[in-house]
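Some structures are shown below for you to check.
Here subunit A shows up in two complexes: once beside subunit B, once beside subunit C.
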Partner chain A sequence: MTKKKGANHPWIIVYMLPLAVFFTAFFIFPLVFNVSTSMMKWKGGGEMTWNNFANYGKLFQDDTFLLSMKNNVIWALSQGFIQIPLATIVALILARNPRGWKLMRTIYFLPNVISTVAIAKVWTALYNPQFGVINGILKSLGLGGARNWLGDMSTALPAIILMTVIYIGYFMIIILASIMNIPKELYEAAEIDGATKMQQEFRITIPMIRGTLATAITLAMAYGMRHFETTYLMTGGGPAYSTSTMGIALYLKMDALRYGEASAAGIILILLGTLVIVAIRRALGKSDPMTEAAQ
Partner chain B sequence: MKLSKTRRAVFAGLVLLFALPLFVAAQSGEIVLKWPCIWVGKDSKAPAIAEIVAAFNAANAGKIRVEIEPQPDYNAYEQKVRTAIMAGMAPGDIFTLKLNASTKDFYTSKLLLDFNEDLTGDWRKSFDAGAVTQSTIRGKLKTLPFETAILPIWYNGDLMKKAGVAKIPATMDELWAAMDKMKAAGMYPSSQMSGDTNAWTSMIWFSWFAVSNGGPDVWDKPFTDKAFVDAAKTIKRIFESYTTPDAIGAGAGVSGGHFLAGRTVIFSNGPWYAGRADLKATSFFPSITIAPVPSTGGYKNILISRLQANIAAGATADKARHDAIIKFLKFLTNKPNMARLAEVSGGMYAVNSGFVPKDNELQKQFYDMANKGYETAADLEAALGAEATLEFTQQLSALALGKITPEQFCGLVEKKIDR
Partner chain C sequence: MSKNRAEKGFNPKAAAFGFMKWFTLLFFLAIAILPFLWLVVNSFRTNLELETAPFGFPARLSFENYRNAAVTADLARLLLNSVIVAAGSVILNLVIASMAGFILSREKFRGRDAIFTIVTAGVLIPIISFMVPYFWMVTTFGLYDKLVSLIFTYAAINIPVSVSLITTFMRAIPKELEEAATIDGCGFNQRFAKIIFPLSRSGLATAGTFCFIYAWNEFVMAMLFTSSVKSRTIQLGIRFFTSQFITDNTGMFAAIVLSIIPSVLVYVILHDKIISGLTAGAVKG
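After this line comes the complex of A and B, so read on.
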């Protein structure tokens, strides 16, 4: 007996209802509330009064907020185009199963299971101008004295971006899993045809994991767009807002009881994030050859 | 669906077990007051607060019970209070608030009890009149002044001796000369910082400079006023020549850590720091001397002080609950309890308890300084609020790095002041 298409609809609704209620209560409602408060003057305690787009206007006239927006884009690009290439290189090496590759895989992934606070504190100590290991090494090599990496407007942002390289393990695992699924016959055939290892990587592996790479870049950029914790813990957005992101700007507005402006910053963050993600998906939007092969 | 007899009995038992305390509480008429409290755990006030609450509960058994909800993290506590008020709920029946130019907006909230009708007679007289005036905004007294502070600078006497500095500098010329000697002796003269949300240590120094340049009402002037520009020049000089290499971007932990480790000679903080066990454990603790920052302008003998924590209460239409709140607050702020609190914590309070410190020399210095009859003025954060203070903090780094001039620095802060 064959069932009519769509005969399960009532049950589908029942199954989806809890999640739909949860999603509405904890995402849709706050989002709508956020949109409305972004157009209000609201300092927390008193009356909420409509001020239309004044909060947005104020933010776009604020140099420090514009700098935060710029930093967000830098974060997104650095996460997408520094982390992912590095993660890919490591995954390509480990996929060749060198000695101790399983241990290396674990070591690379380890920072992802350690508290962000602990890592931020360790790196703050490493960057310390007086007692930090980094200055110690540079000094022993005769390459400079007591540079305040996190206290200098020109080095603070690159220093924090550099430290996030330790998180490549997360994407390395995703990419490695994708590489492991490539049929071995393709490599065997390439070897018979005399292709070098490097040629195999560029002609077989990279094209075959293109879809995974596109997804990884999108995810990494999304993480970059919402970057907050590490920078807040290490510099609080300073010095002179040089490491501030929109997330930090939003938080600081809330801390200053500027809830209307904080809401507006949140909406701008969502819109900018969506724009960046849509743009990157369009740029990398070709179909996944692995999926095509499966079909 | 039918339940077996045993299951029904277990179910009924569970219902009774959970409902009984509620039923008993409702029948007994006991009023339970919730107090989300920061003075718990390792906080220096925790033992005294716990004693006071226990004594009150014992004296009012069956009628009123105060329940402390521990909130040991200062930032998390402030966030909780703000979020609750923002969401239209009082954070508790009793709670504390840092009253400043930003949080004064909470006075417009109907969630907070106005103490004007209750704070009368002897109870009113027991409070420092100036602190009550500072806590009254547009005729409303929605918080009671509780913990207060003076914010002098601290000298490590042992290090001063080693550097060849014989006495506490009384003028800025003497301070510069002393700091030069400290530098020459291989020491970092002062703890400074431009991190966190208020650049606490350096904000205190800046406040002294600004007030001694422009007087106690300096905060009413535009931030582009000469008093502030000159103060910015002075703090810039200290950052450039007389502090640790990590001062730019450093937080309060780093700034205080240098002083605790004996790496810096001069520090700035409030009286609560005198009660720290790690400070008391240092070899130089007995040598610490506190003093005002030498005047940089025409105004002398003005102490920088602030209301550190005010007590607030949730407004209620229930008269019995309202009376219970007032009864507890009267008990909390009576002379013996406040004296005990001062003795245990090392803090200073807006209630005149008659307490005089005996064993802690540093604490005694704070009380002596406060009782000298100096005029007082607020610090930058208390006077101008969170947003201006944040701008001050962020741009202080740029000023110290020479990326902006003192005039530009003051102009940027002025833009963030909500007048």
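After this line comes the complex of A and C, so read on.
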């Protein structure tokens, strides 16, 4: 350490202090708190008593929680393997810079700045059995009668997932940026060798953006594992828990003043989310998920 | 790339590809725009019109839904609350992140890189799993049903994103500027306040925009931390429309349109910053 650095040392602490306080209070403390209370019998206001792993035991015997976990897996898979391929296709097209690509890129991202509440309410109306546009379109195409998309156990989950996977803007922009970083010379050389556009995409573009795709799939799946808001707003987890997720189960436990179980659900959510990130990174690439996703 | 491929004469395969290409692009454009267009159109119609003909246009341009929404839901109050929460959390978040970013990008000390990695890895935490501890903290410290609970929480949740963006931005500012200033007698605080902070405006704007959009749109914590109208944000207000006696869909649509305007406006003005923030690879969560 030089003398100058030594002189600045107290200021370093002062400048880092707000970050230290807020990060500890809102990230580190909650994690410790969650781990502790997940092993306690705790009804909210009252007393906390240790009960070791009883809350976890209860959750794993609770059919609705198991169903929620299964739904989260479906969410994660559809975000990772439907949304990301769709985003990749659009990114590949936009990377060839068709007319108006910049404006289109801006519009594709627009839904991402609109609140989940607004989007969920609009789509609840679009799916409405009486005046919904979805039924209207299907009827005018001669495809079946009116369905209660969100009220029917067999269609509610697919209906909600469908309306989320088609909002590709966020990942499309990340994938597009990665494609545009590929040196143009690679394509010029391929063109001279007589490779078609399609061959160029599969032989050059996709291999070159492999790392970005792996990150995108990982993140999309991690978001799938923590899904809460849209479903909560559209169906509340119903009908008959058919659309419930771990987040919704956590919230309902809290609402029922079963705080210990809610904390345990939170820990399971964190562990499974981390597991997905680590497992997908293992399967798709070797780089470190922490620094990749958080760089 | 070869822009005039299409003009080389008719090629059925190329035409099919061209059709598929534009079909795909237009399909996703429609998804991104049409639901909101439908929302805006129906916010000017009556519930009866909506229920009898969901595709129609309003018989006459009437702002009645907007007037109703403003009166029954106390919309002005909700919007004001949201403005206070969003502004408060952006300011708090930027103060925390710019001070830390200054140190993390400028000073060398043991554990600096570890701190940066741990803080930015915060994006990997599913925040909804913290509903129990956050709720406990808010009630224990007497912040329940107070806007300040939301300001603190939103500012904190955005710390990983902002610290990452701002630190990366500040690293790119040449050290020579400060060295010259130090020779001229600038102290530690002046280096931050007079040189680094002003030069980071663009990075701060990007981080601030992300924080604003998050705070304006957030729903879960707002639902958890508040109960009365005095501290209700606009997102929560929209939800309460459906729990009233009569389902006033078009009134709710009007409220949604008003709630969307600020974030869309910010996006229209600052979309370059947002997109560059995303593509810098700095914000992935």
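Quick note on the criterion: the second predicted complex is superposed on the first by the 262 of 295 C-alpha atoms of A that agree within 3 Å, B and C clash if a C-alpha of one lies under 4 Å from a C-alpha of the other, contacts with A are read in each partner's own complex, and residues count from 1 in each chain.
Note that a contact is a pair of C-beta atoms (placed from the backbone, for glycine too) under 8 Å apart; a residue touches a chain by one contact, two chains touch by 3 or more.
On a predicted model such as this, the values are computed, not experimentally measured, just so you know.
Following the overlay on subunit A, a clash is recorded for the pair subunit B and subunit C. Contacts of A:Pro129 after superposition on the shared chain: subunit B is touched, whereas subunit C is not. When both complexes are overlaid on chain A, the residue A:Tyr259 reaches subunit B and subunit C alike. Between subunit B and subunit C, the partner in contact with more residues of subunit A is C.
Judged by the touch definition given at the top, the superposed model places A:Ala283 against neither subunit B nor subunit C.
Of the two partner chains placed around the shared chain by superposition, subunit C is the only one that A:Ile114 touches, whereas subunit B remains out of contact.
Legend: residue contacts after superposition of the two complexes on their common chain; A:Ala189 is shown touching neither subunit B nor subunit C. Using the contact criterion defined above for the overlaid structures, shared-chain residue A:Val165 touches neither subunit B nor subunit C, since it reaches no partner. The superposed model built on chain A shows that, among 99-107, 225-233 or 261-269, the segment of subunit C colliding with subunit B is 225-233.
On subunit A, the surface patch touched by subunit B in one complex and by subunit C in the other comprises residues 130, 254, 259.
Touching subunit C in their complex are the following residues of subunit A: 5, 8-9, 11-12, 15-16, 18-19, 22-23, 25-27, 29-31, 33-34, 37, 86, 89-90, 93-94, 96-98, 104-111, 113-119, 121-123, 125-126, 130-133, 136, 166-170, 173-174, 176-177, 187, 215, 219, 222, 225-226, 228-229, 232-233, 247, 250-251, 254, 259, 262-263, 265-267, 269-270, 273-274, 277, 289-291, 293-295.
Across the complex, subunit B is touched by residues 43-47, 64, 128-130, 146, 148, 150-153, 156, 235-241, 252, 254-259 of subunit A.
Note for the complex: subunit B touches subunit A at residues 82, 85-86, 102-103, 105-109, 111, 194-197, 244-251, 385-387, 390, 393-395, 397-398, 401, 403-404. Within the complex, the subunit C residues that touch subunit A are 1, 21-22, 24-25, 28-29, 31-33, 35-36, 38-39, 42, 50-52, 54-55, 95-97, 99-100, 102-103, 107-109, 115, 117, 119-137, 152-153, 155-157, 159-160, 163-164, 188-189, 192, 213, 216-220, 235, 238-239, 242, 249, 252-253, 256, 259-260, 263-264, 266-267, 271, 274-275, 278-279, 281-282, 284-285.
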